[in-house]
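Letters A, B, C, D, E and F mark the chains in the order given here, with residues in each chain numbered from 1 onward.
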Amino acid sequence: MHIVLQVINPPYSYEDMDSAIKIADAALKKGHKVSIFLFADSVLSVNTKVKPIRIDRNIPNLLKDLADRGAEIHICGLCFEYRGLDIEAATPGAELSGVPEMATLLATADRYVNFAV
Amino acid sequence: MKKVLFAVYQSPVGSIWVNEVFRCVFGMYAEDIEPAVLLVRDAVIALNKETKPEHLGLLPLSTTFKYIERYETKVYAVKECLDWRKINEEDIDPRWHAELISEKDLPKLLHEYDTVLWF
Amino acid sequence: MSLIMVKFSPNGKMLNSLLFDAAMAGDDLLLIQDGVFYAVAKPELLDELKERGVNVYACKDDLIARGYDPSTVNANVVDYEGIVDLIEKNPKIIS
Amino acid sequence: MSLIMVKFSPNGKMLNSLLFDAAMAGDDLLLIQDGVFYAVAKPELLDELKERGVNVYACKDDLIARGYDPSTVNANVVDYEGIVDLIEKNPKIIS
Amino acid sequence: MKKVLFAVYQSPVGSIWVNEVFRCVFGMYAEDIEPAVLLVRDAVIALNKETKPEHLGLLPLSTTFKYIERYETKVYAVKECLDWRKINEEDIDPRWHAELISEKDLPKLLHEYDTVLWF
Amino acid sequence: MHIVLQVINPPYSYEDMDSAIKIADAALKKGHKVSIFLFADSVLSVNTKVKPIRIDRNIPNLLKDLADRGAEIHICGLCFEYRGLDIEAATPGAELSGVPEMATLLATADRYVNFAV
C-alpha cells in the first residue's frame, strides 16, 4: 500500500514532523511504500544546515534515514522559495516538487494523511 | 476518480491557508481528481465582497475567481458561520459561486470525500 | 494599568479567555488581527468588559481587511498610530 | 468508513469540535499528539462518541510522553504500528 | 528592577515553548530583572514527574532543574489546570519548586509584572 | 521612548510580522526608538533569499527599510541555527543576538510588546 504523510507546521516548534517520521518508520517496517509531502513551513525539515543542540534530534538526518529506506520526500517548491532555502543543502533524497506532484500523490496513493495546521 | 476536499477553518486574513488551498485545488485538475473547497468558521469571511487582505499588504483572494470560473470549482461554505460573522447572502461575492450548506450537513459532506485535508 | 493585547479569534487558540479574565478596571484591551472578530460577533463579552471598567480598542486596518466597517463595531477603533499611543500610555504590557 | 485524526488539545485550536461532530458510526477516531488529553480529561465526550458507534483510539507514545499511563485511559491504545493498521483499514481519511 | 513574567499555556510535549521560556528566563539574571514563569492550561503537565518529552525523542524538561535551583527561579502553576489534567500534588517533581496558585488569583499576578510574555 | 516588538510565529503563514512592521513604522514616525526581536520561526523574516510571488510583499525588504530608518533588528542566534539559515543572507542591519540581548532589552527598553504564539 502507498501511504502519503503531509506536514505543514514547522519542525522543532511543533510535533507534526516527529509524528510523521514515526508513522513513516512503522509503515516502512510493515512493507508499505511511503511518501512524505512537505508543505508550507514544514519545508524547513530538509535543511541540512540546521544546528540543533547536542542532546536534540537532527530532523534532516531522520528524513535521510527514511529516504535511504525507500521513502520519497517531496518538498513544495514554492514554499521552499518563500523561505529562501537552498536545494543544494536539502537532505539527500529529498526532491523539489509542487502541486502537480501533490495531485499525482492524491490521485494514485492508497492513503493520504494530513497533519492539520 | 478520487474525491478530495480541502477544508479551511482559519481566517483568510492573518493566515495564508485559504490562498494556499485554492493554489492546491487548481492543480488537482491535471489528475483524475474531483476537488472541492469547504470554508467553515473564520474562513467564511473570504466570501464577503468587502474582505480585502491586500488592505494590509497581504496576498489578495480575488486572484482565485478566474480559476473558479474556468474549472467550475465547487466551493462550500457553512451558513451558520456566515451568520455568526454578520455576513448576509447579499454581501457574498457571486464570483465565488459558493454553495451554502447547513452545519448539520457537514458530517455527511465530509464522509463523501476519499480524502479531507484540514487547514 | 496594563495594556492587554488579544490577537486570536474567538475560534482560535484558547489564550483569549485567560486574557479577558485578567482584564481589570483601568486596563486598555486591544483587539488586533483575528481578535477583532470579538468586536463584530461578541458584543455581550465586550459590554461585560466595559462594565468592569476595561477600555476596549480594535485595530482599524484589521477590521477593514476582514470586511468590517470600523464605524459599526462595539469598540474604540484605533489605527497603528493609535496603537502606539496605547503602548506609550501603558507602562505595563500583557501580550 | 473514515479515519478521523484529532491532534489538538481541548485547549488548543477549535478544529476539534468539527471533527467530533463529524464522526459517524463505524468511524475510527484517533487521538494523537495533544489530542490524547481527551482520553484523560474528557471521558464523557469519548463515551458519547462510543455510544454513537465511533471507535476511539489514542496514541500510546503521546500518552506516555505526557505522563499518562496508557492502561488507565478511556480509549483503545495504539502504538505507531497500530496507527498504520488504522490507516490501512480505512480507505477514507479526514485529517 | 523590572519584573518579567514568562507565561506558557501550551503543552510542553508537542510544542517547544516551555523549553524556550526556561532558556530565556535563565538568561534574565545577567540583567537587573526579576523573572518568573507561569504554567497554565496544558503547560502544567510539565510538572508531572512522569512527563517525558524525551520518550518521543523531543528535548527533555529535566535539564532546567539545576538552573531553577541555582537561580531560585520562581515557577507558578495553576491548581485547577493540574486538577483538570489529573495531576495530584504528589505527582509533581519537587525540583520544579513550583508554587500552586488558584486561577482566581491570576489577574492579580499578571498585573504585578511590568511585562508578561505569552507563549 | 524605546519600544521593543517581539515576534515568534513564521512570516507569510501568519500576520504577526506584518503587524509588527506596521506598528514599528508608526512608532518611528512618532519619533520613538524601535527594536524588533525575532524569536523562533520568525527569524525566517530576515532571509533575503526569499522569493515571494510578484504580487506579494517582500518581508526582508520591509525590515531593511525599518533598519534604514534606525530600527534595531535582533535575531535569536540559536533559533537561526536551528533553522539552518545563513547570516550572510540576512537583511542588512539585522544582527545576530540572543537571550543576553533580550534580557538587556527587557531591562532597559520602556515597552516590550510580544506577539503571542
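A few notes on this one:
By our rule, a contact is a pair of C-beta atoms (placed from the backbone, for glycine too) under 8 Å apart; a residue touches a chain by one contact, two chains touch by 3 or more.
What you see is a predicted model; the values in this text were computed from it and never measured.
Between subunit D and subunit F, the least number of touching-chain steps is 2. Shared contacts of subunit A and subunit E, meaning chains that touch the two of them, come down to D, F.
When you average the Cα atoms of each chain and compare centres, the chain farthest from subunit D turns out to be F.
Superposing the C-alpha atoms of subunit C onto subunit D requires a rotation of 180 degrees, rounded to the nearest 5.
Taking each chain's centre as the average of its CA atoms, subunit C and subunit D sit 35 Å apart. With centres defined as mean CA coordinates, subunit D is found 27 Å away from subunit B. Centre-to-centre separation between subunit B and subunit E, using Cα means, comes to 40 Å. Looking at subunit F, residues 12-13, 15, 22, 40, 53, 78, 112, 114, 116 sit in touch with two or more other chains. Within subunit B, residues 9-10, 13-14, 16, 41, 56, 58, 115, 117-118 each touch two or more of the remaining chains. Within subunit D, residues 11-12, 14-15, 33, 61-62, 91, 93, 95 each touch two or more of the remaining chains. If you sketch which chains touch which, the pattern fits none of the simple shapes: not an open path, not a single ring, not a star, and not all-to-all. Inter-chain contacts occur between A-B, A-D, A-E, A-F, B-C, B-D, B-F, C-D, C-E, C-F, D-E, E-F. Note for the complex: subunit D touches subunit E at residues 9, 11-12, 33-34, 37, 40-41, 61-62, 64-69. Subunit A meets subunit B in the complex at residues 6, 8, 39-40, 78, 98-100, 102-104, 106-108, 112, 114, 116-117. Per the touch definition, subunit E reaches subunit A in the complex via residues 13-16, 56-60, 63. Residue ranges of subunit B in contact with subunit A, taken from their complex: 2, 4, 10, 16-17, 20, 23-24, 26-28, 30-33, 115, 117-119. Subunit C contributes residues 2, 14-15, 18, 21-24, 91-95 to its touches with subunit E in the complex.
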